[in-house]
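What follows is chain A paired twice: with chain B in the first complex and chain C in the second.
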Partner chain A sequence: MSVSEKKLWTAWSRFLTGLVGAILIGFLVPILVVVAVSFQSKSYLSFPPTDFSLRWYQQFIGNDDYRSAILNSMMIGASAAALATIAGISTALAVVRARAPGSAIVSTLSIAPAVLPQIVLAIGLFPISVWLGLQGTLWAVILAHAVIGLPFPFITVCGALTSYSNRIEIASMTLGANAFQTFRLITFPMIRPAVIAGFIFAFAASLDELVLALFLSSPSTRTLPLLLWEQLNFQVTPEIAAAASVILAVTSLLILAATLLPRLDKDN
Partner chain B sequence: MLQMVSRSATTAESRAAGGAAVSIHNLCKRYNNFEAVVPTSVEIASGDFFAIIGPSGSGKSTLLGMIAGYIDPTAGRIVVDGRDIVPEPIYRRNIGMVFQNYALFPHLSVAQNVAYPLKIRGVAKHEIARRVRESLAMVRLEAFASRMPSELSGGQQQRVALARASIYQPSILLMDEPLGALDKNLRDEMQEEIKRFQQELGATVIYVTHDQQEAAFLADRIAIMRDGAMTQIGSPRSLYEQPKSRFVAEFLGEASIFPVKTASGKLTDQTCRITLEDGTETVIRTGEDGGPGRFACIRPERITIGPKARGLANAYTGVVRESLYTPGSIRYRVELKDAGCLLKVRALPQHNTEVFETGSSVDIGWSVDDMTILAE
Partner chain C sequence: MKHRSFLLYLPVALLLTPFFLAPMAVIGTESFSGQHGVGAEYVKVVTDQGIRTVLYNTFYVAAMVTILSLLIGYPIAYVLARLKGRWATIGIFLIFLPFWASTVIRSFAWMILLGRKGPVNSILLGIGLIEDPIRFIDNGLGLMIAMTYIMVPFIVVPILNGLRAIDPNLPRAAAVLGANPWRQFLAVTLPLSMPNIAVGCTIVFVTSLGFFVTPSLLGGDLTVVSMLISEQANRLLDWPLASALAIIVLLLTIVIFALLRLSQLASRRRDKARSGVFA
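Now for the complex of A and B:
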C-alpha cells in the first residue's frame, strides 16, 4: 500500500467513524430528551429541564391504570415470547435439521412478521380474533405478539443449529438415545444460549408493540404502550415521559440480558 | 421399570460380547440417478477387523452409514447375528460408532461423554461411575475425566470417542476415518492403540479409511471400493500379492503395470512367455492367462537390481533414470534397454548394498513368480 493510499484509507475510516457517531447521536438524542423531561417538576413537557424531581415517577407508580397496564404487558410479553420460542425452535429444527420439503418457504414465512407492515397483520387478525371469540381477551394479544416475536427465536436458533454439525446428534442416536432424548440431552443444551436470546428479543418486541395491541385489546387488557398512546391523545404531562423512560429502561435491560446471558450460559 | 430397562440392557450386552457376525445381502443406495453403493454382498466374521478402503466418493462412508442406521438403504439386508437390522432405528441397533471429527458432546465433560450411553440405558449411577473409570483407564485418560472435550488434543478426543462408543460393549464397532484428522506420528500411535483396543474388546470392527497403510496394519480383511462396488476383498497380503485389477494393484502399494500384447504360449507345464506392449518378452508362471487386454504387474521390491539379477529367469539390462535414497529403502526408476518400459524398483539397503547412480547401466531381473497378470 502506497503512502497516498494509506492516507486515503485513514481519511475514509475517519469519515465512517464520524458518520456512525452522528447516526448514534441522532438516535440517542430524542431518547435522552424523553428521559431528561421525565425528571422535572413542571406539568408540561419542557426542554431543557430546569430542575430535578421524581414527582412524575411518583404519580406514575401511584396510577392504577399504569399498574394494570404494566401487569398486562408483562403477562402478554412472557406468554407471547414463550409461544414464539417454542414455535421458533420447532421450525428451526424442521428447516435446518430435517430439511423438510418446503423449508425455504417455511423459513421465509417465519421471518416475514419482522418485515411485513404490522397494520396489515392487525387488520387481518382482528376479524379472526372476533370469529374465535378471543377479541378483547389477553389471548388475542398474546397470539398476535407470538407471531411478531417468532422471527427472533427462529433466527437465533437457526444460527445455533448451523454452527455445529448434525454428526453430534447422529452420534447421540448411535449411542442409544432416541430423538426425544437426543433433543433433551444434546440439542437443547447446545442451542440454549440462542433460545435465551431469542426469548428475550421476542419479549422485548411484545413489550413495545402498539399497533396490534390497538386493534386487539380491550380496556381491561390494555398494554403499557397502548395506555401511553391513549394518554397522549388527551393530556400530555411528563408522567408519559416517566412511563416511556420505564419502558426504555426495561427494554434496554432486556437487550443487555440478551447479550450477556447466553455468554454466561456458554461459559458454564 | 428402571430395573427392567437395565436388565434388558445387560442381556443385550452379554449377547453382544465377543462380536457379532455381519452379513450384508445386496445392500444398495441410490440417490436419484446416482448409485452411491451398487448392490453389495459381503460376509464379515465375528470378531473380524474389516477395513473398507477406496478413494473419496467410492461409497465407503455411505455403506458405513447404512450399517449405523443414519442412511436408509434403497434395498438389501444387513443381518447381524441372524437378525436383519435394516428396519431397526439407529438407537436400537446397539452399534458403536466413531466419527472422523470425534463428534464428542462439547457441553459435556469427558466422563459425562463416556457415561452418556449408559445413562441412556438406565444403568445405575454407581455402576456408571465404575465403568466410566474402567473405560477411561483402557484408553489411558483417567486423569482427564473432568476436562471438557475442547481442552483435549485431537488424539485424546479420539480416545474419548473410542471409550464412549465401546463402553456399552456393542457387538459391532464402526469407525469412519477415525484418524483422518490427526497428524502422521499421532496416527501411527493411535493405530497401535486401536488394534490393542479391538483385541481387548473382541468386537467386530468395520473400519473405513482412504489410507491403505492404515488398513493393512489394522485389518484382518480389506475390501477395496470403487464407484460404489467392492472390487476385491481379501487379506492385506492376498490383495497386495494377487490383485485382480489395475485399480487394486495401484491403490494398494506401488506397482509397475504394463499392457500385455501377446501370449506366445506355454514353454513348459509350469511357465509361459508373454510379450508386453513395448516388445519386452518375459516368462511368467502359467495358470494366469496373459492374453491381450490384460496387464502384467510387478511390485518394486520383487525386482532384483545388480549382478545377482543375471541368473534369474527374466534377466535384462537397463539404465537407471532416477535414484533416490529414502529411510529404509533405495528407490529407482529403471528403463529397460531396447524396450522403453520404465520399472519402479525398491531395494533394501544393507551395509554393503551398492547404490546405483542415475545414468548408470545395471543388471535387472525377476523370477517367474514375481509378475502377476491382472484381468482388467
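Now for the complex of A and C:
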C-alpha cells in the first residue's frame, strides 16, 4: 500500500468514526427535545422553549388519569413479566437440559411472539378474552403481555444454560439431591443474572406495548402508553412531554438496575 | 425421567395454548366466516383498490425503512466493532439509550421535531436550504424518519455480532496479498457479514410491516395495514375482513422468516461442500 493511500484510508477511518459518533449523539436529540419542551409554560409546544416553569409537572402530578395508568402499567408489567419468566425458565430447562421431545417446535413458538405483529394477536385475543369473561379486567392485558414477554426470559435463560456444562447438575443428583433441590441450589444460582435480565426485558416490553392494551383494556385498566396515545390523538400539550420525561427518568433507572444488578450479583 | 420432562412444558403450554395458538385459530376461522361467502374476504383483499393501496404503502414504507436502517446501521456497527474496551461499551450504551424510551414517546418526539414550525424546519429555513417549511407529516417522510430512528438498534446488533466474529487474520491475509483497505472491506469483510445483514434486514422489515403507533401518529393521510386492521375491527366492526388481513400479515411473517432460514441452511451446506473440497 502506498503512503498516500494509507493516509487517505486513515483520514477516511477518522471521518467515519467521527460521523458515527455524531450520529450516536444525534440519536439522543429527540429525547432531549421532549425533556426541554416539558419545562416551558406556554400551553402549546414550541421549540426552543423561551421560559422555564414546572407548571406541566404540577398538572401531571395532580392528574388522576396518569396516576391510575402508571399503577395499572406497573401491576400489569410486573405480573406479566413474572408469568413470562416462570414459563421461560421452565421451557428453557425442558429444551436445553431435559432435551424433551418437540423442543424445536416449542422453541420456535416461544420466540414467535417477539416477531409477530401485535395487531394480529390483538385481533385473535379479543374474542377469546370476551368468551373467558376477562375483557376489561387487568388479567386480559396481563396474559397478553405475558405472551409477548415470554421470548425474553426464554432466550436469556437458554443462553445461560448452554454457557455451562450440565455435569454440575448431574453431580448434585448423584450426591442424592432431587430435581427440585438441584434446581434451587445449583441451577437457579447459576442462571440468576439471566433470569433477572429476562424479567426486566419482559417488564419493559409490557411497559411499551400499546396495541394489545388498546384492544383488551377498559378505561379503568388503561395503561400508560394507551393514555399517552389517547392524549396525543386528542390534544398535544406540554403535559404529555412532562409525563414522558418522568417516564424516561424512571426507565433510565430501570436500565441502570438491569445492567448493574446482574453484575453485582456475580461479584457476590 | 423422559416422561417427566414433559411437565416442564406445562407452564408454557398453559400460556401459549389459550392466549397464542387459540387466537391464531380464531382469526383463521373468523376470516372465512363472512356474510359474503367462504373466501370472499380474501378476494376483497386482492381486488379492492383501497386495500391494495394500503398493502402497497405498508411494503413501501417497510422497504424504505429497511434500506435506511441498513445504510445508517452498517457504519455504526462497523465502527463499534473496531472500538475496544470502554469506548465500545459507551457506543453500545448510546445506541441502546433511545431504544429504551417507549415507542409512543419516541414517535411523539418526532412529532415535535418535524412539525411545520418544529426545530428541523426552523433550522433548514434558517440556513436557507428551503424556502417553505417541509410538510414531513403529510407525505410519509416523517413516518419513515421516525421508524428508521426506532429500527436502527435492531439492525446494528446482529451486524455488530457478525463483524466481531470475523477472524481478524482474514482481512490481514488480504492485505498481505496486496489488497488496499477498500478492497479488504469489499472482498472480505462485507461478504462475510452478509448473513448478519440478512438477519438484521429481515427483523427490521418484518417489524416495520406490523408498525401501528408511529404510522398512526406521523403517517398523515398514509394508512398502513395495522391501522386498517384496527379500523376494520374497532370502528367498522368487520371482523372477518380484519381477520383475513391479519392472516395475510401472519403468513407473510412466516414466509419471510422461512426464506431467511432456507437461505441460511443453503449457505451452510455450500460452506460444508466447499470445506469438503479442501479436507
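Here is the rule we go by: the second predicted complex is superposed on the first by the 245 of 268 C-alpha atoms of A that agree within 3 Å, B and C clash if a C-alpha of one lies under 4 Å from a C-alpha of the other, contacts with A are read in each partner's own complex, and residues count from 1 in each chain.
Criterion: a contact is a pair of C-beta atoms (placed from the backbone, for glycine too) under 8 Å apart; a residue touches a chain by one contact, two chains touch by 3 or more.
For clarity, every value in this text was computed on a predicted model and none was experimentally measured.
Enquirer: Here chain A is shared; do chain B and chain C fit on it together or clash?
Expert: Superposition result for chain B and chain C: fit.
Enquirer: Tell me which partner A:Ala100 touches in the superposition: chain B (first), chain C (second), both or neither.
Expert: second
Enquirer: Just checking: does A:Ala81 make contact with chain B only, chain C only, both, or neither of them? Give me first, second, both or neither.
Expert: neither
Enquirer: Who does A:Val195 touch here: chain B (first), chain C (second), both, or neither?
Expert: neither
Enquirer: Now for A:Leu185: first (chain B), second (chain C), both, or neither, which partner does it touch?
Expert: The first partner, chain B, only.
Enquirer: Comparing chain C with chain B, which touches more residues belonging to chain A?
Expert: C
Enquirer: For A:Arg167, select first, second, both or neither according to whether it touches chain B, chain C, the two together, or no partner.
Expert: In the superposition, A:Arg167 touches chain B alone.
Enquirer: Once the structures are superposed on A, label A:Gly176 by its partner contacts, choosing first (chain B), second (chain C), both or neither.
Expert: A:Gly176 contacts chain B only, not chain C.
Enquirer: Taking the superposition as given, does A:Ala69 touch the first partner, chain B, the second, chain C, both, or neither?
Expert: A:Ala69: touches no partner chain.
Enquirer: Considering only touches as defined above, state whether A:Ile155 meets chain B (first), chain C (second), both or neither.
Expert: Neither: A:Ile155 stays clear of chain B and chain C.
Enquirer: Considering the aligned complexes, could you tell me the closest Cα pair distance between chain B and chain C in angstrom?
Expert: 9
Enquirer: Flag every residue of chain C that touches chain A in the complex, lowest number first.
Expert: Against chain A, chain C makes touches at 4-6, 8-12, 14-16, 18-27, 30, 72, 75-76, 78-80, 91, 94-98, 100-106, 108-113, 115, 117-119, 122, 149, 152, 175, 180-182, 203, 206-207, 209-210, 212-213, 216-217, 226, 229-230, 233-234, 239, 242-243, 246, 249-250, 253, 257.
Enquirer: If we count contacts the way the header does, which residues on chain A are in touch with chain B in the complex?
Expert: Listed in rising order, the residues are 164-165, 167-168, 170-178, 181, 185-186, 189-190.
Enquirer: Give the list of chain A residues in touch with chain C in this complex.
Expert: Its residues touching chain C are 1, 5, 9, 16-17, 19-20, 23-25, 27-31, 33-34, 37, 45-48, 83-84, 86-88, 90-91, 93-94, 98-102, 106, 109-110, 112-113, 115-128, 132, 143-144, 146-147, 150, 179, 204, 207-208, 210-211, 214-215, 225, 228-229, 232-233, 236, 240-241, 244, 247-248, 251-252, 254-255.
Enquirer: Quick check on the complex: what are the chain B residues that touch chain A?
Expert: 68-70, 89-97, 99, 101, 103-107, 116-117, 120-121, 164-165, 168
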